[in-house]
Amino acid sequence: MIDELRREVCRLHAELVRYNLVAWTAGNVSGRVPGEDLFVIKPSGVSYDDLTPESIVVCDLDGNLVEGDLSPSSDTAAHAYVYRHMPEVNGVVHTHSTYASAWAARGEAIPCVLTAMADEFGGEIPLGPFALIGNDDIGKGIVATLTGHRSRAVLMQNHGVFTIGESPKAAVKAAVMCEDVARTVHVARQLGEPLPIAQGDIDRLYDRYQNVYGQRSHL
Amino acid sequence: MIDELRREVCRLHAELVRYNLVAWTAGNVSGRVPGEDLFVIKPSGVSYDDLTPESIVVCDLDGNLVEGDLSPSSDTAAHAYVYRHMPEVNGVVHTHSTYASAWAARGEAIPCVLTAMADEFGGEIPLGPFALIGNDDIGKGIVATLTGHRSRAVLMQNHGVFTIGESPKAAVKAAVMCEDVARTVHVARQLGEPLPIAQGDIDRLYDRYQNVYGQRSHL
Amino acid sequence: MIDELRREVCRLHAELVRYNLVAWTAGNVSGRVPGEDLFVIKPSGVSYDDLTPESIVVCDLDGNLVEGDLSPSSDTAAHAYVYRHMPEVNGVVHTHSTYASAWAARGEAIPCVLTAMADEFGGEIPLGPFALIGNDDIGKGIVATLTGHRSRAVLMQNHGVFTIGESPKAAVKAAVMCEDVARTVHVARQLGEPLPIAQGDIDRLYDRYQNVYGQRSHL
Amino acid sequence: MIDELRREVCRLHAELVRYNLVAWTAGNVSGRVPGEDLFVIKPSGVSYDDLTPESIVVCDLDGNLVEGDLSPSSDTAAHAYVYRHMPEVNGVVHTHSTYASAWAARGEAIPCVLTAMADEFGGEIPLGPFALIGNDDIGKGIVATLTGHRSRAVLMQNHGVFTIGESPKAAVKAAVMCEDVARTVHVARQLGEPLPIAQGDIDRLYDRYQNVYGQRSHL
């Protein structure tokens, strides 16, 4: 089971590359091991070309290395904090994708002016605090911002994006869609103000997408 | 015949990917079955990598699933409405391509300031209404906007693009060209006002392109 | 010899695709047949995927089809006019590449604010007139603008780019570099005014690049 | 050993292509031969498709060709000057990547408003002087700007980027990350002012990244 999860998490990093969400080694995917206080995550500073299922490391929920020959991602503490405090989350993704990070650099949430944003995020994509790496501050910022929020993506100020999901694949989907809408809303605002969508319409779109879309297994 | 159409519609989704018109599963192509009150369309929430001709589903013109193991695209009702009300249309495409969706988010038509726009669209690319998914409102907005209009593409407000064509391939071409001109006119306007093209010149270009260009089988 | 030229011109279209200079079928390369009043050019409306050396057609310098099963590019008259009036030109390329076409839509020449522009174009990339397809107006505009000008690229107003070269490959290089500098200067100007380069420095850079760069066979 | 270095430097050019840092032949990587007053570098005007380890040329630290059939890159004098004056540098990269060159065209350093910039560059990416090719002016500008500076990248005014590293791979990583942050900060500034990061936080991030990140062999 843990080997299957390693294969899946390894494979999902290729989606970060395909959608141009990452440069060099700057982005990572993790997945919770079902039924255990463990998760698997990318090793630190390893090229996406060189990732193999065997190179994916296993950590406990304090972020300590449990299995693997390489050091875990330098973002491991943030992933671990999310898994400790959000039991419904089984996948976490971190990127510095260009447009989302640009909103984060200005310290602005992305307003919900696209039906695709209402579908996927249920409203704006919120801004989290500025936090330094090295302790639990980033993890705390993610959990504080996303708890009770519809959005599965948070823009960490001056930093980048963290997304969460019921599965690693759902978290990767949120990272892909976050950059997609970050770019479209940016482009829209370059030449004027996007038209707002009424809150009632956002609610209706979000409710429908969460309950009707796809083949009932898309998360 | 229906199997050949499924192969064609499956294959055309790869063009949406190639031209970066779609993220994750957000975009679909359909094609009318010649001589029957049926069309084929992408199944809902399926990755473009995983699409096969067999996975393409068949619907009747009310959007009901007639053949196939998967649920049809969540945009099926809009495609069905177009086929019911525009008998000359044999292909429909829907995307959230970045630049076209940005014009749609501001609620602006794309002005015709490029000879390639005059060729392909015969003038501006018009704006359709804001409409929620779940009934015929999107389909009505597409048909009301494009009926009697030269453009084969409509920007649905705060949403994305729908294009139509004499064939699925022609509708895909319109989606590709719509994003291409949406981007070029956006970039032009970032640094000033594009020069207008006189209406008489737009008319001459449109007439020539529709009647002279290509090998007489490009639609 | 003509077959070798067809293979070369066929192959060079792949460079237009690789550098994202063309959408669908909107761009073409031609090459003069050495020692004969003929040139080879892309057939009209054919996908770049489907181009083969055999599909490349042969025309005389009035643009009439001399050999080939398909109609020549709808831009053939402009290519022919250039070959008739600029005997030193052996290759012509036409694209609607995004950033160059955006400058053309505003009717602005691209100012020389990059050493790479001074190297390759010897100064600004000039603007040509608005001209309709269907007679010699486009060809006349290209020749009038580029004759006596260092630049091997011209922005045709509201339209796109034509480039010329001592060979088809040199004309393709000019098309690639034209879009590259059009994009960089656009991006620079989005956030302020680029610094000018002194005319004497432009002259020195141009002179050096034309005479020193490469392996003496790069054109 | 020199053959292994040639293979590595040849291979690293593919990273410039993969990350869209170069158009046509405009960009080059070099690497110092360990223990000798020599370095290897791309030949001038050769396509990245055609680069082979054998085509990579060997030069002495005055930039004279020592081994190889082709002329060395026209930027060889700048590389040689860096190797002569910065003994800790074992790799040099030069590109005209779009966003970095746009900052260079305006003559602006890139401000440090992203944690990834603090990590990798330790603060702003500085501006070097305008300098013509043909003598040691470019090399002098690089060395004068980067000596005593944390950044391993310099924006040469109206020109492009030079990056240095403990290895050719480290210099390529700096070139990739330079363009990545140049783009993100550009995009951020298009819609307002990015928030500053306090100098103490920049220092902490830089210190941590240089000493903790990766598998201790990422340079």
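All chains are identified by letter, namely A, B, C and D, in their written order; residue positions are counted from 1 within each chain.
Please note the rule applied: contacts are C-beta pairs under 8 Å (C-beta built on N, C-alpha and C of every residue); 3 or more make two chains touch, one makes a residue touch a chain.
Computed from a predicted model, the values in this text were never measured in an experiment.
Participant: Using the contact definition stated above, find the chains touching both chain B and chain C.
Facilitator: Joint contacts: the list comes back empty.
Participant: Shared interface numbers for chain A and chain B above half of all numbers used, same, or below, different?
Facilitator: Different; most numbers are used by only one of chain A and chain B.
Participant: Distance from the CA centroid of chain A to that of chain C, rounded to the nearest Å?
Facilitator: The answer is 44 Å.
Participant: If you average the CA atoms of chain C and of chain D, how far apart do the two points sit, in angstrom?
Facilitator: So the centre of chain C lies 31 Å away from the centre of chain D.
Participant: Could you tell me which residues belong to chain C and also touch two or more other chains?
Facilitator: Correct list: 190.
Participant: Touch graph of the chains shown: is it line, ring, star, complete or other?
Facilitator: Contact map by chain: ring.
Participant: All pairs of touching chains?
Facilitator: Touching chain pairs, listed by label, come out as A-B, A-D, B-C, C-D.
Participant: Which of the residues in chain D come into contact with chain A in the complex?
Facilitator: Against chain A, the touching part of chain D is residues 19, 113-116, 173, 176-177, 180, 183-185, 187-188, 190-195, 197, 201, 204-205, 208, 212-215, 218.
Participant: For the complex, which residues does chain B have touching chain A?
Facilitator: 23-26, 43-46, 70-71, 74, 96, 98-99, 101-103, 105-108, 130, 132-134, 157-160, 186, 189-190
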